[in-house]
Every structure is written in C-alpha cells, then in structure tokens.
C-alpha cells in the first residue's frame, strides 16, 4: 500500500514526464519491495519556484549563486 | 490537536462539498477520539488529474482501463 | 482516488478507534464526493506529544495554560 | 537534512514574505539544531481559503464567527 | 530540488531495500527531469499496519478480504 | 491558520530544542505574516537516519562522502 509524493519545482513538467515518473516509481516499489501496483499511488506536486527555498535562499537566488 | 489532509483529484469539488468534508471529518474526530474541534484543522488538496497515478498508470489511463 | 492523512497526538489511540476513523473517513468521501472506496487510502500518524506545538507552546504547556 | 513544509491560507503572500520565511526557518534550524543550511529545504504551500477548515467550519465561516 | 516522500506499511523494510529505493528514485528524477541529485531528498515513512486503511478496512482486514 | 511540518533526521533532538523550534517558527509566522498564534500548529517529525536519502545516498553514506 505505498503512497509516494513527489514534490518538484513547477518548471513545465510535461504529461509524458509525469507518466514516466508514475510508472518508474511504481516499478521500483514492485521490484524492491514486491508491492502490489494496484494499491500503489503516486502524487506529483508542482511547487511554484517562489515557494521553494534551499540554503536560506529562494530557488532563484540559489540558482544565481550556484 | 488533529491535522487532517484530504487529497483528491481536482474534478470540480464545490464549496458545499468542501464544507461537508470539513464538518464531517471534524465530527468524526470528536466522536471517535473526543478531540477539541477548536484545534482541529482540515486541509483539502485538489490534485490535477495528470499528477495522480495508480497501478503505474496516470489517472486517465487508469479510468480507461477500469 | 483520495488519500487522507490524519495526524493526532500519540495518546493511546486503540485499534478499534483507528478502524473507526478509517471507516468513517472512507464513508464520508463516498457520501460527499462519490469516491470509490477501493482506491481510498487513510493513513493515521501518531505524533509524540513533545513534537506537537500550538500557539507557540508545546502540547503539554498548552494543556496547562488552557 | 531538514525539510520544512509551511502551509498557509492563500491570501496574497508576497515574494519578499516568502523569502523572509525561507531565511527565518533556515536560520532557526541552524541556530537550534546546528543543521547545514545547504541541505535545508523549505517549501511553502498556499492553500485556497475554501480548502482550509478549523473547528468544523470553513475558514470564512470561522473568521465571521470570531 | 525534488523532495520525495515514500510511505509504506511497516513490514520489515531492510536497510538495503531503503538504499535501493533512495538510489532508484533519485536516478529516476535525474533521468526523467534532469534534476540535480545533490538537492534531491528522499524520505521513507514506515507506517504501522494498524494505521493504514484502504477500502474502509484496516490493512489486516483488507488482506484477509483479498 | 498555518500548519508547519518540520522533518529532521532522528539524532537526539531534546525537548528544549523542540520547544525552541515551536516557539521560533510561530514567532516567525506572526512577524512575517501577522498570523494568529492560537491557530498556528507546528509538528516535528524525527526520521530514522536509515530512512533519509540525499544525492542518491543514504544519510550515513552521504556523511562519509562529505
């Protein structure tokens, strides 16, 4: 009964990429933990870039600094 | 001090339905666990259908297959 | 495809109470949103009382003050 | 390796306020727990007011009643 | 800057399996979204079986019924 | 109505440190967003070190490599 929540910055993830993430994570849980895919849920959250911080900086400040 | 997070696919949940979910979950926590409603929070997340997967399929693929 | 996460302080919730929460939340989602119970997951997190704060106070300080 | 998720009602939080929250939470984790800011992530979720309930009421009903 | 939260029932996941999940999810995010692994965090939550419900049943009731 | 979830590796956070995190985050939300502390909840999750990964490595592998 896995539930997986993938949170990424909102930078134009395509429907094909979302489908690939869902398929890939589900396969991984089947392979590693022998989970039943029928009860495996994957939810992707796309977070606005202004709302994500790392190292005390907003995402944009962080990208400029690295 | 309960915090409840309800995540559903974004398919036109009305304000009345949201109010019913908030009231219903709060009543349940009062009834079952004798919680204080004043410190009971309920947050509803509406997830775009492209972003929810089950059984390794996107929501739309899953609906077609079932 | 709902996923519901109920977070409460860890104060001896019994298996019967957990089953009542799971059944109650699932029934609510069926009644209000016509969701399919087969794809409705409910996860209960019991949080140590030291780890929950409200009003800037730890749970125990808060109970003493109210 | 902290991950902090701040959930607030969506009422016009400015980019400057978001930056202040990210900086403030990161500084707090450095000060209190001596965490490495480079691996400290902060994610802010702005929740539509219709989707937040407290005391069995929607946010708007709650504001009217208090 | 992905953050991935994998929630599974607590049924004896080994350290090797946890490492495989962390590596697999990180590789997936690099492959599909070209994410930087250095800022990719994966957190696994092992949920007591009593605390997970599906189809209105506790995990154990669900396993008996299927 | 903020809800803040702080997730850190489980490495012996003391009750005093937890109280300091709760107080500090609540003060920050009052200062930056003028939130009401009475409806501000902070929940700290201590994650076993085996269950946290970054850069495709488990926490312990990561510490050795840096």
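Per-chain numbering from 1; labels A, B, C, D, E and F assigned in written order.
The rule we apply is simple: a contact is a pair of C-beta atoms (placed from the backbone, for glycine too) under 8 Å apart; a residue touches a chain by one contact, two chains touch by 3 or more.
Everything numeric in this text was worked out from a predicted model, so none of it was measured.
Enquirer: Using direct touches as single steps, what is the fewest number of steps from subunit B over to subunit E?
Expert: Between subunit B and subunit E, the shortest chain-hopping route counts 2.
Enquirer: Tell me, which chains sit next to both subunit B and subunit C?
Expert: Expected: A, F.
Enquirer: Among the chains here, which has the CA centroid at the largest distance from subunit C's centroid?
Expert: Comparing chain centres, A lies farthest from subunit C.
Enquirer: Taking each chain's centre as the mean of its CA atoms, how far is subunit A from subunit C in angstrom?
Expert: Here subunit A and subunit C have centroids separated by 25 Å.
Enquirer: Report the inter-centroid distance (CA atoms only) between subunit E and subunit F in whole Å.
Expert: 20
Enquirer: For subunit D, write out the residues touching at least two other chains, lowest number first.
Expert: Those would be 1, 3, 7, 21, 25, 39, 41, 43, 52, 54.
Enquirer: Name the touching chain pairs, would you?
Expert: Going through each pair of chains, those in contact are A-B, A-C, A-D, A-E, B-C, B-D, B-F, C-E, C-F, D-E, D-F, E-F.
Enquirer: Where on subunit F does subunit B make contact in their complex?
Expert: 1, 3, 39, 41, 43
Enquirer: For subunit C, which residues are in contact with subunit B within the complex?
Expert: 1-9, 13, 17, 20-21, 24-25, 28-29, 31-33, 35, 39, 52, 54, 59
Enquirer: Under the definition above, what is the set of subunit B residues touching subunit D in their complex?
Expert: Per the stated touch rule, the residues are 15, 18-19, 21-23, 25-27, 37-38, 40-46.
Enquirer: Residue numbers of subunit B touching subunit A in their complex, please.
Expert: Touching subunit A: residues 7, 47, 50-58, 61 of subunit B.
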